[in-house]
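Structures follow.
Both complexes shown next keep chain A, but they swap its partner, so chain B is in the first and chain C is in the second.
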Partner chain A sequence: MTRLLVSARQFGPYRSAVDTLARLPALRFALIAAIPIGWIAVANLAPLAQMVAISFQDRYPLPPGEPTLWTLNHYAAFFETPHYLAAFIRSFAFATLATLLTLVVMFPIAYYLSKVAPRDRRIRLLLLVIAPFWISEIVRSFAWILMLANRGAVNSALGLLGIPGAPLDLLYNNVSLTIGVLYLTSLYMLLPLYAALEKIDGSLLEAAAGLGASPLKRLWRIVLPLSRDGIVGGCTLVFLLVIGLYAMPQLLGGPDDTLFAATIGYVFSRAGDSWPLGSAFSMILIGVALAYVGLFAVLFRSRKPARPT
Partner chain B sequence: MKDQLTRRRMIQGASVLGATALAAPAIIGRARAESRSLNVWSYDGFITDAFREAFSDQTGIDVNVRLVSDQAEQFNLMAAEKGDFSADIVCVAGHRFYQFIDADFLEPIDMGQLDNWSLVQTEFAKAEWVSRRDRVWGVPVVVVSTGLIYNTEVLDRPTSLSAMFDEANTGTTSYQIQDFFPLVMNYLGYDGTGSSYAGNTDIAQRAVDATRDFLIEHKNKVRRYYDAATEVQQMMLTGDVALAAGSSGPAAQLILEGFPVGFTIPREGGLAYAYGFNIARNAKNMENAYAFLNALLSSPENGAAMVRSTGFNSAMKGVEELLTDAERKVLSLSDEERSHLTWVDVETAAFIFDLVDKAAEEIRAA
Partner chain C sequence: MKRLSGTALPIWFWLFVVYLFLPLFVMAAMGFRDSKFIAFPIHDWTTAWYRSVLADEEILSALWISLQAALYSTVIAVAIGLPMSFVVARTRGLLRGLMIAAIVLPAFLPVVVSAIAIRMFLGNLGLETGIAAISFGHAISSVPFVVIMLLTRLNAMSENMADAARNLGADDLIVLFRIVLPFLAPALFGAIMFCLLLSFEDFVRSFFLGGNKPTFPVLLYAKLRFGFDPGLAAISTIVLIASTALGLYAERHIRRRKLGR
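And now, the complex of A and B:
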């Protein structure tokens, strides 16, 4: 590699380019940052910016020759229609609950993988947990449908066992949706938790145990405070994922489980000029979700230790 | 240093690459336009594999099918493409027909290029959902009737739509909201076709609002709202749903496959409409599109194959003779049931469906 770089310096343009970059650190930074910034601008911000613009337009797509009229009506429609507001509140309540549930279920697993499992088996166990995520969300949803349907595996087993009331209504309600969402989001909670828990120095726990701290006290006073960054990161990821879920609630949810993201999808798929309304709803969802997560991050962020005076 | 990379060479190379990249869409677009291909948006089963392969063998034209699940999806995709349509042929339902024409998405059929138009059943060839402004806008292919699909092991044949709102059927029904909505409007004494409300949005809105509130009130009867016909078939098979409002096709397919399913038109009425293949405005493969439509209309066998793969009745002459007794029995309706069917009023369909679409979102969100 060194020889290649030395030979490359034989070429004038390369040499002058390298020298210029060495002289100007700002240019160096700009060049390195250009690709990710460009990607974010084109792939993420440009569609959002277009959507913001559409949300204030009276009609879109416009028939040829018609002027653009600007309006706030589509934002007002959200507050004027109680059914939309109901789906919006339902989405936030469900996302919060699903996030907490995912945290409760995944924390012990992350703790086991990072602190209890033998070090040489951790990667294999982690891969075992990650393996289902190599299959798409849609396929996994259909797997749950096969499991939870009236003539599915679970109800067939309940029937064979003679459980009274079988078949139970396990599908197309908040039970099936919660199970599916938990399954979908568990990886996004596991990885930040695992990373945070693995960093905790085992000697701290040993010292606490040696000083007589109970397991619960060690969890409360050492493990939870030191894994706070992982908890905040995992919860943020899971919450944002759930609040924008579209396919899984469609497949596993029932008539009372419509989330706001699905409502936005229906608005967009309405034949006609409903894109401004869908865009306005999308902006409201993104704005409020980011504010909600921001508030959560502020409340639970790691506090820096106070400086000794 | 003959091969040395000079600044001039680098700029020259970059210019060539840049020009090629900029010209690529135009080059690819032209190649697509001149290609031996045809891009069709269609519902599942409307173009059978056998027909597609035979057509490709005979003409050398590859048919690329993009499956769609509803009319709004097609409409929005076409709206997004702003006149530069990637589809040559789309599949428009009679009740959305004027919406597509008025949005300037369709090309009128040049009857001089269509060889076998006489194979379309006479009553459909002149129907108002085929022609508008004295022009023909598509080739009708299948005819759909909407009614009730039920599990014969769980329920007796329901004769009224009231079964959908019966407490005994709580949590066991399903429907596609937009398709069911006009039937419920009729059930509640309003005009589901919307024809009597033409030009009077306030009265139509009140009727739609009342129907919306009624459906929200009876939401507990619904196990799940569906979008695609295959979903209602799946829910019938898994035993999650015993009664559904739907179209004849999915029910006929299940009956022919031996599942305990029945289909009926309730006494409050059902709607009938047709699907057709329509050429997109300024289709890039216009000649190939006509070749496809001519091939489709060349033999009633094609219509029979479509009936078998969709479960819908054919709009082509001579198809019924090609079906088996069992197929004919499943596809036919009794005189009484037939008398309950009304054709969608295409003139007012777009007007009423605009209101129904919004109500459907609210029902789901509620």
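And now, the complex of A and C:
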């Protein structure tokens, strides 16, 4: 490659082009910047901007020749239909609970991996729990169906143990969905927590213990405040992941507990001009979810702890 | 605390490991069941399911579609993410903050919403659903991760190296290929692996952007809504072993190179 580039310099026009660019850093920068800026505009912003515009239009796509009518009706439809509103509230409640559950389950594990486990085994143990990270949401759902179905592994084990009442109805309810969702979210929580906990200087904890701070007090006054960034980061990732879940609730959840992401998907796949309605719902979901997460981050970060020095 | 962290924490950790792996082993075992139906316990074992799914046209074609989408989207994401990380690395102040916000935006949108927004956008441009649309959608979700990974490495790079090369007569392209890219190589490798795996396991974008030829997760989803058989467990197990092996290989490779430096 280098030889090619060097010999290309023998070729006059090429050399002068490259050298001109070298003398004009601004032009060079503009040429390099054109690709990413174009991408941001086309890939990140344009589809979203178009969706915002569609959400305010009466009909979309318009039959040829008809004028565009601007309206807020689709937003009003959300607030006027109890069915949609219920799915929305259910989604937020479920995502909040799932986030808190993930935090409570994963915090001890992140703490164990970063502070307690034997130093020479830490990486291997971390890799062990990271290994299932790359398995598709669908495959994970399927694995849990096999565990929890009426003739699945859990019920079969309960039956062999002679537990009365088996088979239990374990699948297609909020419990099975929560078990599956935790399976999906745990690693998104673990990695930020691990990164934050790993940075905490162990001597702080020893000093606090030496001064007589109880284990609970050390957790509350030192470990939690110093892992704040990891907690906020992990919770943000997990919350946004759960609020957008589409497939797993349909595979593992109850038929009457539709979540809002599925509602949006359903509205779009319905025949007829439902694009504006679905777009309005999407905007409401994005707006409220980002505000919710942002509020959480601000509230949780604003109380700066007395920095232990 | 000593006693608590000495026993309770490891127990909690290993319980979590069981929770992670038990369903996967159960699934792998179900693939060996000699019956058309999913049920436990397994009395008769067979390898027929594992053999037959690897000859199943529908499944192989879905895997091929997934693989193509993974390759295309990775190429796009790296081609965009590389210059993007250069630009961000040279930008300072408010503009840098705005750029980063615009770049990571797709990672913060609910997946359903961004998939549908892209679908409407492409539909308006007159583009059909299919592999191209899926690759575009996957690239959109991968670019933020590529940029963040490359940026972390670029920030650790000293300008002196490039300056020294220029003083010795190297032009910009030579600097790029001899200095910058080799320095970025570990991060680039990590980003490529990340993109491949992210695309391969994605369901929602492939579902909304795909045409009549499904990717593997979409095919599996459709089949699961219809009914279960041990063959699905067999092919899921094969795919999960392949992607986990690739993920662990990437992880190990990156760690080695980091230590080797």
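Methods note: the second predicted complex is superposed on the first by the 259 of 309 C-alpha atoms of A that agree within 3 Å, B and C clash if a C-alpha of one lies under 4 Å from a C-alpha of the other, contacts with A are read in each partner's own complex, and residues count from 1 in each chain.
The definition used in the following text is that contacts are C-beta pairs under 8 Å (C-beta built on N, C-alpha and C of every residue); 3 or more make two chains touch, one makes a residue touch a chain.
Keep in mind that what you see is a predicted model, and the values were worked out from it rather than measured.
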- Query: Which holds for A:I145: it touches chain B only (first), chain C only (second), both, or neither?
  - Reply: both
- Task: State whether A:I109 touches chain B only (first), chain C only (second), both chains, or neither.
- Result: second
- Query: In the superposed arrangement, does A:F11 touch chain B (first), chain C (second), both or neither?
  - Reply: first
- Message: Applying the document's definition of touching, compare chain B and chain C: which contacts more of chain A?
- Response: C
- After superposition on the shared chain, which partner residues are touched by A:D256: those of chain B (first), chain C (second), both, or neither? first
- Message: Output check: A:V288 vs chain B and chain C. Expected answer is one of first, second, both, neither. What do you get?
- Response: neither
- Task: Considering only the touch criterion stated at the top, classify A:L168 as touching first (chain B), second (chain C), both, or neither.
- Result: neither
- Task: Tell me which partner A:T81 touches in the superposition: chain B (first), chain C (second), both or neither.
- Result: first
- Message: With both complexes overlaid on chain A, does A:F268 touch chain B (first), chain C (second), both or neither?
- Response: both
- Message: Please report the chain A residues shared by its interface with chain B and its interface with chain C.
- Response: 61, 145, 149, 151-152, 250, 268, 275
- Query: In the complex formed with chain C, which residues of chain A make contact?
  - Reply: 1-2, 5-6, 9, 15, 18-19, 21-22, 28-29, 32-33, 35-37, 39-40, 43-48, 50-51, 54, 61, 105, 108-109, 111-113, 115-117, 123, 125, 127-147, 149, 151-153, 155-157, 160, 183, 186, 209, 214-215, 218, 240, 243-244, 246-247, 250-251, 261, 264-265, 268, 275, 278-279, 282, 285-286, 289-290
- Item | Of all residues in chain A, those that touch chain B in their complex | 11, 13, 61, 64, 81, 83-84, 86-87, 145, 149-152, 167, 169, 171-172, 250, 254-256, 258, 260, 262-263, 266-275
- Item | List of chain B residues in touch with chain A within their complex | 4-7, 10, 70-73, 75-76, 79-80, 82-83, 96, 99, 171, 219, 222-225, 227, 234, 237-240, 353-354, 357-358, 360-366
- Query: Of all residues in chain C, which touch chain A in the complex?
  - Reply: 1, 4-6, 8-10, 12-13, 16-17, 19-24, 26-27, 30, 38-41, 79-80, 83-84, 86-87, 90, 99, 102-103, 105-106, 108-114, 116-118, 120-121, 124, 136, 139-140, 143, 166, 171-174, 177-178, 197, 200-204, 207-208, 216-217, 220-221, 224-225, 228, 232-233, 236, 239-240, 243-244, 246-248, 251, 255
